[in-house]
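I've put the structures underneath this note.
Presented sequentially are two complexes of chain A, the first with chain B as partner and the second with chain C.
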Partner chain A sequence: MNPTQRLALFVLLAPAILWLGLLIVLPHVEILILSFSERVAPRVYAFGAGNYLEFFTEPLYWRTFARTAIMSIAVTAITLVLAFPIALYIARVAQGRLKAMLLLLCLLPFWVSELVRTLGWMILLRETGVVSYLLRAAGLADQPVELLYNDGAVILGLVYGGLLFMIVPLANALESLEPAVVEAGFDLGGSRWTVLRRIVIPHAMPGIVAGSIIVFMLTVGNFATPVLLGGKNGLWFTEQIYAQFITRFNWPQGSAFGMLLLLLSSAIVWAGLRLTGQSLGTTLRQA
Partner chain B sequence: MNRPSILWKLYIAAFYLFLFAPLLVVAIFAFNASPFPSPPWRGFTFAWFTGDGSAFGKPGVLMDPIWLDSIVNSLKVAVPVALLAVLLGTVNAWVLERAEFRGKTFLAMMMLWPLVIPGVVLGISILAFFSRVANGLEEWLQTDLDFLRPGLPLVVLGQLSFILTISTLIIAARLRKFDRSLEEAAFDLGASRARVLRTVTVPFLRPALIGAGLVALLMSFENFNTTLMLVGSDAPLPITMYGQMREGASPAINAVSLFLMLAVGGIASLFALTSKAQA
Partner chain C sequence: MATTSDLDLVNVTKRFGSHAAVDDVTFSVAPGEFFSILGPSGCGKTTLMRMIAGFENPTSGDIRIRGKSMVGVPANRRPVNMVFQSLALFPMMNVGENVAYGLTCRGVSRSEAEERANRMLERVGLKGFGERRVTALSGGQRQRVAIARCLVLEPTLVLLDEPLGALDLKLREHMKIELKQLQATFNTTFAYITHDQSEALVMSDRIAVMNQGRFEQVGSPRELYHNPATPFVASFVGETNRWQGEVVSSSGGTVALQLPSGTVTQGTGHALQKSAVAFVRPEAVALAQSQPALRDLPNRFEGRVSAVLFDGANSSLLIDTLGFDQPVRAVLPQAGPLAGIEVGAPIHVGWTADAMKVFAA
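The block that comes next holds the complex of A and B.
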């Protein structure tokens, strides 16, 4: 490589290095360092794992963390079950214009802001909302019903937000399934259930993994949906990070929480890839 | 499997109803003549768009400085983000597809990384790092560096941190399809490097450049998690919406949402058209 080419390469690489260095790597090094600094006196900090100890000794913190992890796994599972028949229909049954339209109709709501969708659910579910009003009008309830501010509402909102990210990779994976293979399964005497379990689901595996990983990551890192639909009962871990950073101005503690969230998210992604033998690159491409 | 049962069809229908129900109620209650976005229906009104506040005590979107300011703030963020995302994304795509150097696979992996970091964590890490930089520089230079403190410039950087991945991927995918013999033909015909770039390569990339710009614009306009951590006193639209939703908003928020849906629908169909031209 001659010096001019070397210079050209360096100039072309500069944006990527500045971007990844200044906006990704160094900021993460910063919160890693912050998370290990303890306040020993006003404005004096020392190295120590106190922020992490605080997490394990304060039940509110680790319970919120565990709750966020478990509910996110549940949301991912529910999303997968709800999305599978839709993706199967789009990929295997619908043809031509209907197929394109069904997929486009799936995409549309997700181009709209998360806050608009959450607003919709709030108008539907709250005590003075549409569902409560319709229940009373139909004579199924004699007084206003509060459907907001509980775990069900949080799960509903998160599943709704994840559906598209499940349907698209699933439909992509199912698209390549040979009809002849399915026919053969039936010809060999397989029931609908056997064919689904032994042929369709294994074939859809890359899509299932890709969709589940994306939905899990989006759910665990969500902020607005659990806070707005769950109210005081939302208790999402991102809210704890926000509270430490912005409300209480305890950046070391907030950084430790941030590192823990990053660790949880990466661990589940890694475990998902490992269990199913997929790689991150192909998984992201699937999506 | 090719003859779907009636149950399956019913499920599909119910699913699409579920998908659109929240958006429909948001749109419908933008026109309700009531101070709250909830039933019963009290008649049709445009007050939540153009009302001056005389009818319900609160003005419509187009008359309310809170909403207008936050829309302007969102544009102040989204336009630079989109322009930088396309410009830097093109350079990144070039590096990924055309350059040869050691560590390229590593760099390509690093570029995907921002997609797996939760938005809130991106936000706090950039906030903490730039505060440290600002503290250091201010002491050294003896001046205030407000653009490194929470505010719109920091929001631009925060959003760029992950939107750049998306724009790089979109543009790189297009560049990969480019037939390099076209460039060689232009060189053989005596064109300079700049001229080849201008008349052959960039026109080929145009649909991807426009597509990446539109996606960046949308993602910036709608980003909430990262923005929330970096925002100062000037709130972009999602932050204002969030604040209003916590307090119990007037149907003006439905009117804003309807504008957003229409704008998004418009941009999405533009994007669909450009990507169809690309296929």
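The block that comes next holds the complex of A and C.
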């Protein structure tokens, strides 16, 4: 590579390097350093792992942490189960305009902000909301029903938000499956279930893993949906981070929590990849 | 009748909207027979095959396998297996799993299925390939896996949808012979569809020539080649010369045909209207350097070589012949006095009345 080429390459890469460096690497290094500083006296900080110890000794913290992890996995699983038939339909059955329209329909809710979408759910689910009213009108309930502020509402909101990010990689993966391969599966005596289990799902595996990683990451790091739909019962780990940074102004503690969340999601993604025998490379290509 | 044939199609019609892709087709295939359906692309042969396999339902008519009607029976319950044009091997499974797939679908235990798959792989010459990925196989090997995957299920009928189309010429020639041999060893009934007349002629016991949804003629390769029933069969099966003309006299199967130039030729044909079309195989055209050698032939003409198409044993000459608007194509023997003939050389051509088939145009 001659010097001009090297310069051109550098100039072309500069925005990406700056973006990654300034917005991702630098803050994380800062947070990592911050998370290891303990307050020993007012305005005096020393190096130590006290913030991390605090996490393990205070049950509220690690229980919220575990709850976030388990519920995120549940949300990912539910999203996958819901998205699979939709993606199958879009990829294998729908043709031409219908296909484009269905994908657009999936995309449409994302034209408004996450906050507005979540508020939409609140209008539907609150005590004086649409669902409660309909239940009473149909005679299924004799007093207003509060459907907000429970785990179900949080899961509902998060699944809704994640659906598109599951459908797109899944539909991509399913689209590349040659129709003749599916027909051969039937021709050789396979039932619908056998063909799905032995041919369609193995083929879609990179898409399944890619979609699951994206949905899981979005869910674990979500803030507005658990706070608004879960209320005080939301208990999402991001709320703990928010509380440390903003309410209690304890940045070192918040940084430690942030680092823990990063470790958690990385560990679960790694475990998911190991479990399904997929590599990050093939998965990213699919997404 | 139903008990002596493996496959019977009775008045099968398939319409897509108002277009009849398959139009009132009836035929039977005997056990152990290699039956080919030969036709140009778009003639309906793939639709026909998909109806036999169970991926399409006929609009009307009946499909019977060993006398049992298959209408309404889904593809996975039919004793028919298909070798797809793309082969459609399962890329997510290794070779052994591909072959064992059908057996496990039937509830055969994993270990037995694996053993039977290995035995089948051995019979098609792929011993020890069980653990390989299908993507790591050559074209010919993939072909054999696709066939083994069907044969391991011992189906009544194997359908083959132009499986040699994707192979290069050399391998295709080799696979033609191999397929025929496989079919003979397993004694399974094969129904083979192709647009390649040479594949059909080489491998088949019987061929049905299909055009625009209908069967033009069903017969042995020799019958089709030497006694075509329709002008389509005459021109589609094998190389041929084709001329248009008018019938000037016809008696007892012998026809005198006048070409637009006024030249009169002698051919054979029946019950003809005025305008007609005549076919002569290139190998039926006798060549000679002097007129007397062709003395006994009713059709004798003089010409000049306009092109030498050298292709080894398939070499031929194009001869600009007096009275013919298109050059006459004749096989050029690679031995004898004419082997070294050059463009521009004068030559005499001739053929018998028998060799010239005349049809109503």
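Here are some notes:
We take it that the second predicted complex is superposed on the first by the 254 of 287 C-alpha atoms of A that agree within 3 Å, B and C clash if a C-alpha of one lies under 4 Å from a C-alpha of the other, contacts with A are read in each partner's own complex, and residues count from 1 in each chain.
By definition in this document, contacts are C-beta pairs under 8 Å (C-beta built on N, C-alpha and C of every residue); 3 or more make two chains touch, one makes a residue touch a chain.
Note that the structure is a prediction, hence the values are computed from the model and not measured.
Placing chain B and chain C on a common chain A by superposition gives a fit, with no clash between them. In the superposition on chain A, A:E58 contacts neither chain B nor chain C.
By the touch criterion stated above, A:E178 is placed in contact with chain C alone, chain B being left untouched. With both structures placed on the common chain, the touch criterion links A:T128 to chain B but leaves chain C unconnected.
In the superposed pair of complexes, A:H203 makes contact with chain C only, with no contact to chain B. The superposed arrangement places chain B and chain C with a least CA-CA distance of 10 Å. Chain A has no residue lying at the interface with chain B in one structure and with chain C in the other. Touching chain C in their complex are the following residues of chain A: 178, 180-181, 183-191, 194, 198-199, 202-203.
Across the complex, chain B meets chain A through its residues 1-2, 4, 8, 11-12, 15-16, 18-26, 29, 36-40, 88, 91-92, 94-95, 99, 101, 107, 109-122, 124-130, 132, 157-158, 160-161, 164, 218, 221-222, 224-225, 228-229, 238, 241-242, 245-246, 253-254, 257, 260-261, 264-265, 267-268, 272. Residues of chain C that touch chain A in their complex: 53-55, 74-77, 80-82, 84-86, 88-93, 101-102, 105-106, 149-150, 153.
Residues of chain A that touch chain B in their complex: 9, 12-13, 15-16, 19-20, 22-24, 26-28, 30-31, 34, 82, 85-86, 88-89, 92-93, 102, 104-109, 111-124, 126, 128-130, 133, 160, 163, 179, 182, 192, 195, 217, 220-224, 228, 238, 241-242, 245-246, 251, 254-255, 258, 261-262, 265-266, 269, 280-281, 284.
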